[in-house]
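Letters A, B, C, D, E and F name the chains as they come in the text, with residue numbers starting at 1 for each one.
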Amino acid sequence: MMLSLDSLIEQALLEDIHTGDITTQALIPADSRSSARLIAKEELTLAGLFVAEKVFKRVNADVEFTPCLAEGAQAAKGALLATVRGNTAALLMGERVALNLLQRLCGIATLTLRHVTAVAGTGARIVDTRKTTPGLRELEKYAVRVGGGINHRTGLYDGVLIKENHIAATGGIGEAIKRARAYIPHTLKIEIETETLTQVDEALANGADIIMLDNMSLDDMRSAVAAIAGRALVEASGGISLETVRAIAETGVDIISIGALTHSARAMDISMLLD
Amino acid sequence: MMLSLDSLIEQALLEDIHTGDITTQALIPADSRSSARLIAKEELTLAGLFVAEKVFKRVNADVEFTPCLAEGAQAAKGALLATVRGNTAALLMGERVALNLLQRLCGIATLTLRHVTAVAGTGARIVDTRKTTPGLRELEKYAVRVGGGINHRTGLYDGVLIKENHIAATGGIGEAIKRARAYIPHTLKIEIETETLTQVDEALANGADIIMLDNMSLDDMRSAVAAIAGRALVEASGGISLETVRAIAETGVDIISIGALTHSARAMDISMLLD
Amino acid sequence: MMLSLDSLIEQALLEDIHTGDITTQALIPADSRSSARLIAKEELTLAGLFVAEKVFKRVNADVEFTPCLAEGAQAAKGALLATVRGNTAALLMGERVALNLLQRLCGIATLTLRHVTAVAGTGARIVDTRKTTPGLRELEKYAVRVGGGINHRTGLYDGVLIKENHIAATGGIGEAIKRARAYIPHTLKIEIETETLTQVDEALANGADIIMLDNMSLDDMRSAVAAIAGRALVEASGGISLETVRAIAETGVDIISIGALTHSARAMDISMLLD
Amino acid sequence: MMLSLDSLIEQALLEDIHTGDITTQALIPADSRSSARLIAKEELTLAGLFVAEKVFKRVNADVEFTPCLAEGAQAAKGALLATVRGNTAALLMGERVALNLLQRLCGIATLTLRHVTAVAGTGARIVDTRKTTPGLRELEKYAVRVGGGINHRTGLYDGVLIKENHIAATGGIGEAIKRARAYIPHTLKIEIETETLTQVDEALANGADIIMLDNMSLDDMRSAVAAIAGRALVEASGGISLETVRAIAETGVDIISIGALTHSARAMDISMLLD
Amino acid sequence: MMLSLDSLIEQALLEDIHTGDITTQALIPADSRSSARLIAKEELTLAGLFVAEKVFKRVNADVEFTPCLAEGAQAAKGALLATVRGNTAALLMGERVALNLLQRLCGIATLTLRHVTAVAGTGARIVDTRKTTPGLRELEKYAVRVGGGINHRTGLYDGVLIKENHIAATGGIGEAIKRARAYIPHTLKIEIETETLTQVDEALANGADIIMLDNMSLDDMRSAVAAIAGRALVEASGGISLETVRAIAETGVDIISIGALTHSARAMDISMLLD
Amino acid sequence: MMLSLDSLIEQALLEDIHTGDITTQALIPADSRSSARLIAKEELTLAGLFVAEKVFKRVNADVEFTPCLAEGAQAAKGALLATVRGNTAALLMGERVALNLLQRLCGIATLTLRHVTAVAGTGARIVDTRKTTPGLRELEKYAVRVGGGINHRTGLYDGVLIKENHIAATGGIGEAIKRARAYIPHTLKIEIETETLTQVDEALANGADIIMLDNMSLDDMRSAVAAIAGRALVEASGGISLETVRAIAETGVDIISIGALTHSARAMDISMLLD
């Protein structure tokens, strides 16, 4: 899927191994073979097993990696996620990079699913933001999808989000939307950030495709949803947590974007055990 | 300091901007200039301001970036961290990447300092692990130092850590240390992981430079420290948290290594506000 | 604007100069300085002068490059486009790469403007396709904008275009649109390719944002526009030339996409003359 | 043959696919398989089929690509050029990049062959120039050879071409040739550009290996050929087209160099049809 | 072992072959197959055969490469080192790069072994320095190990060596060691350069792990060894040659570091003969 | 001159410094400034001072580097080659890489000049081969020119050298030359390797531009020179040393190619002394 994943893994391995794993080179016979198991040390939503596989295979193409659960599966504490078999040195050299990536992706998928579950039945969808780890955005957005979320724009290049500063520079919401419409590919929607109901009205009047409600009160959100009445997508944003997400979803917004999915997800605890 | 930082920033910007910030290109006049402030939205230990500066200057070499606090400073909630002045489009295009990096590094420095403070007076030192974000290890280890910690080996190439699997493959602690000593540069110490006091004795008898106590009880740690009696460095490791770190330090160990410093640090909340 | 432009220019120069311009090294004194003029040898729409400037400055940072016309200007035959002043060897070494890029971009802008002019007053907009030169897509799409066109999606990653094969694989237009809507960022519109009026109706009924009319007759286009009645954007596509574009625009379509803008634009004739 | 072809294809695919083909990912089952045919939509000289093959195989190593005609073959309108079989998503994702490259290379080979045919029997050879597409020079020069032409120097590094500016900087043709001979590898010939018969005589007297006649009249070319009398290769250059190339060849020149072969070749029309 | 070896070989091949081996392309049929032998033209210690193998396989993956001697073996003059079989063009295109690397590595291993042999029985170990060929350090340090030496630090990043300038900048040996200990990973030893016995005493008193004796007389070395008495490793350094190395070893130093192992090793004479 | 020199230096610095010079970071104040002198510790021909300058400036752009002798100058033992002034850490971090490159290039220039001097007055020219250090070919060939030699082809791509194997594959010298002439750019000469006078005659009869005499006796060389009589360039090759080069030159050959210039040049002894 991701053409650039190979080079990401190459860089990660070089960062950790660089000129060689001197402990392993000194101690492990070059032809020693082992098998190992990847085990969930806590309950988690599985995401990124194919990344771990690619890591081991980049170290040694002959490593056999057998997934035991599918992407998106709920793994219980103690669950076997995958087995790895092959050259012992390769298993030891790939272990840390494989786990560093896998633990992070599972963390994001797990956290996303909790939010998705929290809003179940409301019709609201959970989406991510650009607050991702530099270098890992594609993978982290993948993990959000595995957790049941959808993705906001990937970067500044594939979506239009007109913020306060953009509006100020152009002299008003109407003019900003007009200029954007004239410039951007016709395949993209225009989203605009609003902080007041007056701005919501103005955005709506000028044909915004998506209206973001930034840090609004629940009452204002409800009013905005009523005013927009399906003529634009409504996105809630700003400091949303597991505690507050349900109430926000119940205001009737279509989309809830949450930076914490990627910047605050805790790494899940996963171990590799040699048999 | 870090020669490869330029390429890391280049990649991070390409990931976010790629073919262009279409919103900004459509709406912000090319010659518009602005100033902005980076503000701490919560109390934090500052780390990585020079990284943020490099991000903005890579977007536009003429941006002026003025740090208002020094690396390692404690910033109160609301504190002004830096001012940025220059081409408006450049400020908007660099904002997210600069903050994504800065917020993470401040998070690590802040969490490290909390652990360092927790063990104050005991003589124990807080160190990191290889459980870092792929691609960001150098920066994350820098943030640990800013927070008052020191660094464990950077990767598999610049330190020897003999684990259970290595011992098994060589037939015993004595043989493993002997082989490692014959292979590695004479400039490196040899560290060995132990799980029992018997292993500690064996490591000591064979001249290990550093003895890691892996997931030992407080009592066992105290016994190990007494047995080693300064003849090797003693490192505690395994699932250590802010709650448990003080008691561990009081056992007399020299070094406490904590993966959570890098894999579980929450991003600090920092905003860029245009004036 | 384009972060990756530096590396494109680096590659182009390496391709031409590689280990050195041996003629110039053998014959031109290292401290010789010259000035030169870039001259249009035929009428053209100017696009890409900043690219030529970057080429010369990459060869030698001290070269002074002074544009004499603005991007998008119509240059008459014989018009002075820019002057270049600096190290003689640098001018000679940068000349070919600078012209190779500039001539191509002017060719695209010129051809685009001819199409834009041809449809003036109809409301139809001229857009490009993915039929661009490998490696030069960003620059070529920029030249299309300079010529008054707008851009279709940049690549497969920032726009959805459901074609015949996609429809066949999912079992129908309705199901295809539904699945796409569930998967893609909410910031993107969904475009679908149609070949018959029946398909147009089906696309419309299922909420397509953009309906492409692929190689339809003028009569069918008129019928489609009438049927759609503003509920989706209408894009004409398929073998469109300067001869046919006006008639197509007059059917009332919103968008006309033309591969020839980038794959068939002839290089404009531009010379560099040393004074 | 070309070691760098892999990275060119990698870049071209990244340019088009980047983070993924979202339409295909949303709609095409990951295990779907298809076969397709590459069809010439107009008569053409085939060049670059192995490049198209490499594109598909880079997307998915298991794609089977079966050429149906040999490089250099004349393909009639409607001719089957190759079949492609494999993962459906891979076929769809590789299609555009494969065709963009193949169509261009066929265009160059076709145009070259027309020139070669036009001079048949005269002894003159058709050669290309450095007016190639940045990044594609190797491939484009390959296509010229497929079309029956030969290549001029690849770049500034592997051939000596002394132009007006070089002569001016050294004080005369004689001095320029002498200095070049002292500097360059003994394996390279020295070519010099002349605009008058007097310059031709001077070049000849000073031992030039190749004498370029730049934009000379047919009469002057004939006189130059007579004067040189086989003591140097004679190359005609400057604004040569299919209309004028035969008359130029009949003056007796050895070599005719034509920039249009690469900068003005129209892309041939080739389609990929899924079965 | 070395992840970056692939890219080193890629660069070396590109440097030599670039756009193609024009002689071979012109003359050798594309399907011609040959076998060849790598022969030692003088007595040598074999190092780097796997590098030569990788070179040929990068040119053509189907080349069969059969080592006839093991790494570290002593090859007599005329000895067969390996056979290579496969596409003739691939053999001819890979030959020079393969030999350039192999001859150098054998040269280093051979020279190292001579030094190791010269100190046999003394307990002193031969180590390399950072005076290696830019780009080839990993390979050259590997060849030193093959020759029976061990490696000093790989670079500035994985070892501490406090020199005169560092001492001057910190105000004394004691302060320098203290600051280094506070900054560096606890896994690294601290080495300090000394030029007098007074400095040796000071280094010892401040807990240096390794004391380098820089250009000391044999008498001073003996005194230093006696004074240190096993409390630190002792390293002799500075202008050491095959003529002087035995006497130095007999002073009782632990380590002898020699720049000439890598910067003055003569390339061994090895030929590839096609059968 | 060399566009790729920047990346070579970048790689060399990364190889040595990687994540940082930990000794210097621990001990040298970040704002400390120093000056230093590059001193020849033995007589040498200076080559590559601009490379050393670029190394220091890549570490810190503010370093001032002042050459004290010109490229090609003869430096006496003890001569001051250049002064370097700037940030102390930058001087210490750049020192080793700068010297590693400079010492090697001076070694090559010095050795070349000795050969050039040895053949003075004979008319023969000294040239290098492809037996260069992987990654450093451009620089090493530059050093050969500085030492008064000229360069053979840079690689397989910019010169034709028909060897025994090529002849065998084509069925004879005549056919080989004919095929090469038909394939290669008309700007390149054709060189052919001969081992007997019969082959020399055949090469001459078939219009070879350069005839290489491979390992011939002095008598055979004299006969070959007489037979060729200026109709082709004559190049002597094979195991030539300072002892034998004069006698070979006196046979009347035009060109003498010597692999030892690059693969056996000893590094010159150069030191950097901080003031």
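Assume a residue touches a chain if its C-beta (ideal position, glycine included) is under 8 Å from a C-beta of that chain, and two chains touch if they have at least 3 such contacts.
Computed from a predicted model, the values in this text were never measured in an experiment.
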Joint neighbours of chain F and chain C, given as chain labels: B, D
Farthest chain (mean CA position) relative to chain F: A
Copies chain D and chain E touch via same or different residues, half shared test: different
A-B compared against B-F, more contacting pairs: A-B
Chain pair equivalent in interface to B-C, over half of contacts matched, among C-F, B-E or A-B: C-F
Most remote chain, CA-based centroid, reference being chain B: D
Centroid spacing, where centroids are CA-atom means, of chain A and chain F in whole angstrom: 53
Chain centre separation in whole Å, for chain E relative to chain A (CA means): 45
Inter-centroid spacing, chain F versus chain E (mean Cα positions, whole Å): 23
Residues of chain D whose C-beta touches two or more other chains: 17-20, 25, 154, 157-161, 182-184, 188
Touch-based graph of the chains, sorted into line, ring, star, complete or other: other
Set of all touching chain pairs, with the criterion as stated earlier: A-B, A-C, A-D, A-E, B-C, B-E, B-F, C-D, C-F, D-E, D-F, E-F
Residue ranges of chain A touching chain D (in the complex, touch as defined): 1-4, 138, 154
Residue ranges of chain B touching chain E (in the complex, touch as defined): 125, 127, 145, 150-154, 157-161, 182-189, 191, 210, 233, 235, 254-255
Chain B partner contacts - residues on chain A that touch it in the complex: 8, 11-12, 15-29, 32, 34, 88, 92-93, 96-97, 99-101, 103-104, 130-137, 155-163, 165-166, 169-170, 176, 179-180, 182-184, 188, 263-264, 266-267, 274
Parts of chain D lying in touch with chain A, wherever the complex brings them together: 10, 13-14, 17-20, 25
